[in-house]
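Provided herewith is a single structure, encoded as structure tokens, for subsequent inquiry.
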């Protein structure tokens, strides 16, 4: 639990209690517990197959936990609840966009799905926010990887979610795009949005996060605030993942 | 309720726009339809069997096969870039998603039918104009039935390896009531028989539509949520 | 006792039941051939009726069980319900095939053709296709939870379809009378034949139950082994 949340200074934005998720006999999540205060950013590291993506999908409401519960700002994340879906945004390494539609059309569609009021304004704002306003009327199928990633971010944030989930957003990005993404994440931190970031890049993750966790075989082997001692953290990470190998 | 319908319309509009831009599936379905109709002409002996005996069956087989070409499209296009996740993440209800896909499929299949029907009348020299209104009604009722079930089946088939094969295997038994009814009613219309003779079939068709549209709406969520 | 051992024990214990059931089926046949009078018009060919009709009863029973179990699965999400439904579908498939095979065998000497679109046979044919689709779908989906959900939906829709196909065929037949001279007798059966038929129903239901129990135990065994395997891989 974050120190500030413990002290009751910040409300709990995200509480995960005893979450299990199985696919048939494969136990992808075996009891994940943690809490994040508003504005906290959690970086989750771990080897492939640890269930990090599964965890994010449960937090996003795409998967129902086999056991346990997820609470967003105190209220349980019930799959059918539209209000909760408005509070969460997911950025993954696939864009969830339609190649045959233009940037503006894609965003307008998502604005419609989220029931936003002034759709045209929201679309314009989202495009400007990722620097793609000049490509509004071009089909997304013609965009480069970096541009697609920026569009995906615009899509994920168009409804101004309180909780932003990121699944290896840096993968496949060149230097420039990665730098732009880093700036964006810093901005999200400044806007006090709660974030959960799954990444393989320990340096990036620790730089942006307030908390860090190491997920191994479906549960957190370590969880705690980031205290700046990168070397010690890297050692702990190597130790935790070496056990599995 | 109203919001669900509006969202369904938005989803359908998006699908129609995408299809309109690429047009591949639509054109393929049209070409397929024209070819099938032409081939049927050679598949019969014109001196032995009159066109009007076979015509209703030919019409409906053509409609059904053309529809099956298009049905997998609806969920197929959500697979690129995993757009389906985006839809499921949003507050849009699963019913809105299902209805939107059904609507988009209806537009697709309806458009093919609208072009196939005059072509059929031309090739087989069947007088459809005198019975055009009841004929269109029957076509609409039967199409709603098999598109509703077909859309649900495709939401499952699309996730299997041989989706194009899986859809007909799952769907064809479910097409027996609506297609049989449609053929029987169509035959009576072409033969100029009074409509009252076809009432039993019409009741069956409407009953099928009501039961299966409701059932598909109820069960769609189970096919899409994990 | 571990689930694996439990399943193995059920398998062993069910085998004698199946043997008894098969012996009883033979008994039905003996009774049908030797102790039941010939049907006046159809002659010896009619004897297959005592296999055909009970098979049909079991086929429809199986279908109904799949439908109901599927509904319950969607509410409770217990994977055992899915295994039970799948086992029922497989065993039901066997009996449905038996109906489709014995039907023509009965029909050929009486009607002169192997297949007529007789109302009940046609309905059974489409039932066969629906179960086939169900089984094929199961092989095409790998994730167990997804497979269970898809199967349940298909099972329920299939059960809903049955009355519609029945009505379709019935309407079709009243429009196009079949060139059938003879029809198998229904309610008014003389005592001897009725007794054999009822005996047939009981025996076939027993055989179905025994085979289902065996198949379900097999499914539970496979499941238990997969579970043990997964746990070993974790450790």
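Letters A, B and C name the chains as they come in the text, with residue numbers starting at 1 for each one.
Rule of thumb we're sticking to: a contact is a pair of C-beta atoms (placed from the backbone, for glycine too) under 8 Å apart; a residue touches a chain by one contact, two chains touch by 3 or more.
Small disclaimer: the values here were computed from a predicted structure and weren't measured.
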| item | value |
| --- | --- |
| Innermost chain, where centres are averages of C-alpha coordinates | B |
| Centroid comparison with chain B (C-alpha atoms), farthest chain | A |
| Chain centre separation (chain A, chain C; CA means) in Å | 50 |
| Distance between the centres, which are taken as Cα means, of chain B and chain A, whole angstrom | 40 |
| For chain B paired with chain C, centre-to-centre distance based on mean C-alpha positions, whole Å | 32 |
| Overlap residues in chain A, where contacts from two or more other chains coincide | none |
| For chain B, residues that touch 2 or more chains besides their own | 226 |
| Where chain C touches two or more other chains, by residue | 145 |
| Interface residues, chain A side, partner chain C - complex | 23-27, 217 |
| Chain B-facing residues of chain A, complex | 60-64, 79-80, 82-83, 85-86, 88-90, 92, 94-101, 105, 109-110, 112-115, 155 |
| Touching residues (chain side chain B, partner chain A) in the complex | 3, 7, 10, 14, 17-18, 21-22, 77, 80-83, 85-93, 225-226 |
| Complex interface listing, chain C residues touching chain B | 74, 126, 129-130, 132-133, 136-137, 140-141, 145-146, 149-150, 152-154, 156-158, 160-161, 164-165, 167-168, 171-172, 175 |
| Residues of chain B that touch chain C when the two form their complex | 149, 152, 156, 159-162, 166, 169-170, 172-174, 176-177, 180-181, 184, 200-201, 204, 207-208, 211-212, 215-216, 219, 222-223, 226 |
